[in-house]
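Naming follows writing order (A, B, C and D), and every chain is counted from residue 1.
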Amino acid sequence: NNGDKAGDKKGFSVAMVTDVGGIDDKSFNQSAWEGLQKFGEDNGLKKGRGGYDYLQSQSDSDYATNLNKLVRSDYDLIYGIGYLMADAVGQIAEQKPKGKFAIVDSVVNKPNVASITFKENEGSFLVGVVAGLTTKTNKIGFIGGMEIPLIEKFESGFRAGVKAVNPKAKVEVQYAGAFDQADKGKAIASSMYASGVDIIYHAAGATGNGVFSEAKDLKTKDPNREIWVIGVDKDQAPEGVVKAGGKTYNVTLTSMVKRVDVAVYDVAKKTKEGNFPGGKTIEYGLPENGVGIAPTQDNIKPEVLKAVDEWKQKIIKGEVKVPKTREEYKQFEATLK
Amino acid sequence: MSSSRLTNFLVPVLAVLLGVLVGSIVMLVSGYDPIAGYSALLYGAFGDNYYIGETIRQTTPYILAGLAVAFAFRTGLFNIGVEGQLIIGWLASVWVGVAFDLPKVIHLPLAILAAAVAGALWAFIPGFLKAHFKVHEVIITIMMNYIALHVSNAIIRSVLSNQGFKSEKIHETASLQSEFLQSITDYSTLHYGIIVAVIGAIIMWFLLEKTTKGYELRAVGFNQHASHYAGMNVKRNIILAMVISGAFAGVAGAMEGLGTFGNISVKAGFTGIGFDGIAVALIGGNNAFGILLSALLFGALKVGALEMPSSADVPTELVDIVIALIIFFVASSYLIRLLLSRFKKEGK
Amino acid sequence: MGVYEVLQIIIPSAIFFAAPLIFTALGGVFSERSGVVNIGLEGLMVIGAFVSVVFNLTFADRFGELTPWLALIVAMVVGAIFSLLHAVASITFRADQVVSGVAINFLALGLSLFLVKKMYGKGQTDQIQVGFDKIDVPVLSHIPVIGPLFFSNTYIPSYIAIIFAFVAWYVIYKTPFGLRLRAVGEHPMAADTMGINVTKMRYIAVMISGALGGIGGAVYATIISRDFSHATISGHGFMALAAMIFGKWHPIGAMGAALFFGLAQSLSIVGQSIPFLKNVPTVYLLIAPYVLTILALAGFIGRAEAPKALGTPYIKGKR
Amino acid sequence: MEYVIEMLNIRKVFGNFVANDNITLQVKKGEIHALLGENGAGKSTLMNVLFGLYQPDGGEIRVKGKTVNISDPNVANDLGIGMVHQHFMLVDTFTVTENIILGSEPTTGGMIDIKRAEKEVRELSERYGLAVDPTAKISDISVGMQQRVEILKTLYRGADILIFDEPTAVLTPQEIQELIQIMKALVKEGKSIILITHKLKEIMEVCDRVTVIRRGKGIGTLNVADTNPSELAALMVGREVQFKTDKKPVQLGKPVLEIKDLVVKDARGITAVNHLDLTVHAGEIVGIAGVDGNGQTELIEAITGLVKAESGSITLNGQEITNLPPRKIIEAGVGHIPQDRHKHGLVLDFPIGENMVLQTYYKQPYSKKGILSFKTIYEKARQLIQEFDVRTPDEYTKARALSGGNQQKAIIGREVDRNPDLLIAAQPTRGLDVGAIEFIHKRLIEQRDQGKAVLLVSFELDEVMNVSDRIAVIYEGKIVAIVDPKETTEQELGLLMAGSKRKEAGVS
């Protein structure tokens, strides 16, 4: 429908800066890039300057440099992916008031910055419902990467979801202190599973690799044991595949997906259409399809899926307010009693 | 004498050239265009004011981290703990930058000083354990790195923020950032830290080569027994050497805290500057002025590398390979000297 | 949780955490016993992890259950070959051994990530699907009390690591090779006058360290991370180096130190769910392994004697 | 008579320096052949060539009449050549047996058969009368025993041509006598020996023939029976050498060093200095004679503050210096020529110039307001290098590159120049040639003549007898006798040192 648009003098161009994870981190960077790629393809843009592109940072100090590089290359919209980039986006946005920026996972109060956040607590609530209704042992684990407000959102929503459907279930919470230490993830998972936990939800990036690895090893050892991982950010079903005794299993119960791609696509589209949401914060929650449970749902029982749908509707309608912090969770817990 | 000085100068230069050469072979073999790759690298490092600004900014902490490693080396110690001392210094500088309201002439020096003191204190522990219990400093400094990482994260969360992941921005009065420097480099992140780093290099050179204390530190570094015999306090000198090295590392952290970032965030992992500092020091021959040059080389390679994927489609990792090769060739200077002497003979 | 339950969780995870460190630290022991400092252990682990994952991904379909074992062997061989760079630089070209080791670390990471990008077009590999199995050792796991602690929920490579520490001890302390190795590290000229080829011994030792570091990295990647990225090996080689020094350059000591690290690490993790430790702020538990190590060294381990000729290139005829 | 070793016109060049300039050395079967020359004359180099450690740049080597190419020590071993090196080639952390079998270990099933090896070592040591404990660690045994281990190493490999490079430099008189007996026994067994030594007395005592080299050139080979020490000394140095140093009569001053009831423990916690009393006056040289390991080292280290005294007191010019830090003691007026010049005497990686101010660097005029004045330091260095005849290319050369004798001269220059009231000289001439020894003795006596107190510790009875005004004999940490060198003999001293006869110590 836009074949002749390519003939414009200067087409719309858009780029993003990833953090050290890069565009294949199986997490938000990758998701953001997928959204950008889709946007590019849909609009007939080419990868590279003048079309759509990304720059990967090698360290924290590269954020500002990379953002500035893109401004200097005249991109029409520039994304900073991840809360770590907030300061750099703020700084460059101030220095380059003509540039248009968007920040994912954080809020930057500048007229030329659009802030994109997600209601991870809502998505986490839904996988909490899945966990609460699936657990046999009534012991559920949550493994966070680092103890920061963002991850606390995952934790609080998840615990609320579990508690809402299964008050008897206990959620053990543990933080690895890092997003890239698979060995710690594995050790924590090992201790959780050994203590009777049968489902672990991780919000720990590559530390989560250790969680999958432990679950898969336990599954191989005893294929009859019901042991699950709930993935995060993307559909982590591929991570859960394991072969044991000639059969193939998948330990991924489901995943809480955070549709950075949807958000990135959305903001790019708005901007291209001249509606750059500068100075605004757009929260992507369940109604916007910004968070949710992954499409791979083979391991979830139908009645559980039904419950998930019910809760989803309640949240969308505003009947349930999902806690974002531990404070709010305590209040939420009190309302259940 | 002058011919050996020439050789000393030629060795690192040839090492760099050889590293670049082998790097282009790697690129050719794996199907990349070395000329495009290196042009992108050069452009990304020195292409215009902006890139030069970024390169100098990146060079700044490398200089100080390199000085920290080198100072320890020159005094007989191996400080792998620069990374941890740097983090603690960063933390301290931001803390002071946030917590006080003072005129700039006091606030900025105070914040830098705080970083130096914090880094020094962090290094004091391995120094003390080495001096008094003869515990290997390498292992203690490795452990101290991890402790620094976790402790600083905890402090950022609980003291410098309200369970958040980063501190507030430091007050303008403690900042090294400069509108002027940014404007002449088209808003690069260049800041006045480079001046601090260069002063650091001069201090190190002066301290080691010119002062009485430096003589003592070097003597203890080379031969503890003879130093003890000659009446020097060996234990105190070991601790002092470590502490000074830690102070340089702490100031390197201040460059990040007061210059590049203006705050500190919870860290998922090490910054890498401390470890790169080892390489910077060694390529610079553990010599203050050598370090200025090798830090510039490192800064240029690191910043220039960012341009390689987008302009030449070459992965940035290539630069790590080139850096590694350069380090190898500098280390194997015997090989280069051998080649040089062969060359000279044939020339005659 | 009772003490026994806690131990039942802590000990198996300490053992799996320690296994890669044990292999790598033993490699360090061989190299440094011969007088060559090996700060490149980190890089050797990186190479091992990279090679094993790539091999596993490529050949899992063909070799099935055997894949991880073959991957270990390939990682071992490639590790040994890669360590030749360190050997050539530091033995033949008399490079400063620390510098050369630093270069190994840079090169290993740069090269393997470069290759990952080249081969897969992205910064990290997929997850491997065939790993080592978690096992209960037949018979032994049924021994009361001890069985569940030491022989349940473990991996065969962990036992190989421990057995290998004893093998290394035997080789270094009981065989002519070991005697010569130690002689070369203590007093190369004395060894030379006794007709021992110092250069050859050191090459062999460095290559053994490459082989073992490669295995260490492979075990880590196969059991723990199951993929390879820039973050797979992050400081484990340095921990292995620390274990080697902690263990006083002795194979059994290095193994003990690695196990100690594993124990401290898993204690710090499990500690978060032990009732009386529950209210301790997480940071104390996170730093506990490192603080414990420092206290152990300062308190009762104390001074460690490095091999005398460690770090000095041997130049024939120089005094 | 046939030669077992013929080194013909051997030439060895290091860079531009000719260490061996067409030297010829021919050794007959069954003889002890001395190789004599100044420090740095090229003796060790020549022997290293014979042992395969260096490759000659010219010349020919014949072993038992056959021309050979000794490319490495293995070849030398196979030819039956064994070498006891000037600097011991022993692994400190190994046992005696491990050191001996290294490189040709007896094994059963891939494992070293250490029991069998120990038995073999024991048998070998009994056969040649070389008493060693096969299971002892090298770091725990005396220097004398270490040397026996070195000899056993060669015998274990079946060597019948033995090279001894300065074996006696580090031995006590008793150990030297034992070594001489051993060498005689070895020759009786049909072995041939090349002996390098600076001690002419030893050459006269055991050797059959002697080859003299000077500055890398062969001077000639003589029958020992046809020559005498003076001739040999003159041949090697190129001038007449005085053996007995002339001394003026003593001008005894007030007591400078007074030690009362001193107790010091050694590193292992064993009492090494045991309630020792000693006084040294201004204007005298007191020599301490004793067998190594009787507390000499600890006594000196206690005086200089390097180790703590358990009890007792040390005063200098009446001022208490017991257990003060070394710097305070140095400043109080103590100079010290340490026994181990590499470990304590010098920072080998510093230029020789910077080594000259190792104790005084922080004082005027070398340091002003915390800044060093290199100009003054190097001026001082040049002056001392000149005055004490330190042979070095320049004052910027690293101390490491100097020969032992020149390093020693530099240390002595530094210590003497500080003009200390008490000069402690520990083994000041160990390993030096006669020319250098003469020089150093003169300097010590000069100090005494200037009214300084000198404390000399030496294992060389010759030296103690020659230089001292009084001799204090130390035995098991105590001064057991004080004798006048003019009224005693080496025999009597030897007995006292062995603790067999106690004279009433006339300590005052």
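Convention: a contact is a pair of C-beta atoms (placed from the backbone, for glycine too) under 8 Å apart; a residue touches a chain by one contact, two chains touch by 3 or more.
The chain list, named the UniProt way, goes like this: B, C = Simple sugar transport system permease protein; D = Simple sugar transport system ATP-binding protein.
No experiment lies behind these values; they were computed from the predicted model shown.
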item: Relative to chain B, chain with the most remote C-alpha centre; value: D
item: Chain A-chain B separation of Cα centroids, rounded to whole Å; value: 35
item: Separation of mean Cα positions, chain D and chain A [Å, integer]; value: 76
item: Between chain C and chain D, centroid-to-centroid distance (C-alpha), Å; value: 45
item: Distance from chain D to chain B - Cα centre to Cα centre, in angstrom; value: 47
item: Chain D residues counted as touching two or more neighbouring chains; value: none
item: Chain A: positions in contact with at least two other chains; value: 56, 147, 177, 180
item: Where chain C touches two or more other chains at once, by residue number; value: 231, 234, 282, 286
item: Every chain pair meeting the contact rule; value: A-B, A-C, B-C, B-D, C-D
item: Residues of chain B defined as touching chain A within the complex; value: 50, 54, 57-58, 150, 153, 157, 163-166, 169, 182, 186-189, 256, 260-263, 265-266, 268-269, 271-272, 302-303, 305-307, 309-310, 316
item: Interfacial residue positions of chain D with respect to chain C in the complex; value: 48, 51, 53-54, 72-74, 77, 83, 85, 87, 89-94, 98-99, 101-105, 107, 110-112, 153
item: Chain A to chain B touching residues, read off their complex; value: 48-49, 53, 55-62, 64-66, 68-69, 72, 83-84, 87, 92, 95-96, 145-150, 152, 177-180
item: Complex contact set, residues of chain B against chain C; value: 26, 30-31, 78, 80, 125, 129, 133-136, 138-140, 142-144, 146-147, 150-151, 153-154, 269-270, 275, 278-279, 282, 315, 317-321, 323-325, 327-328, 330-335
item: Touch list for chain C against partner chain B, complex; value: 85, 88-90, 93-96, 98-100, 102-107, 109-111, 113-114, 117-118, 231, 234-235, 238-239, 241-242, 245-246, 281-283, 286-287, 289-291, 293-294, 297-298, 301-304, 306
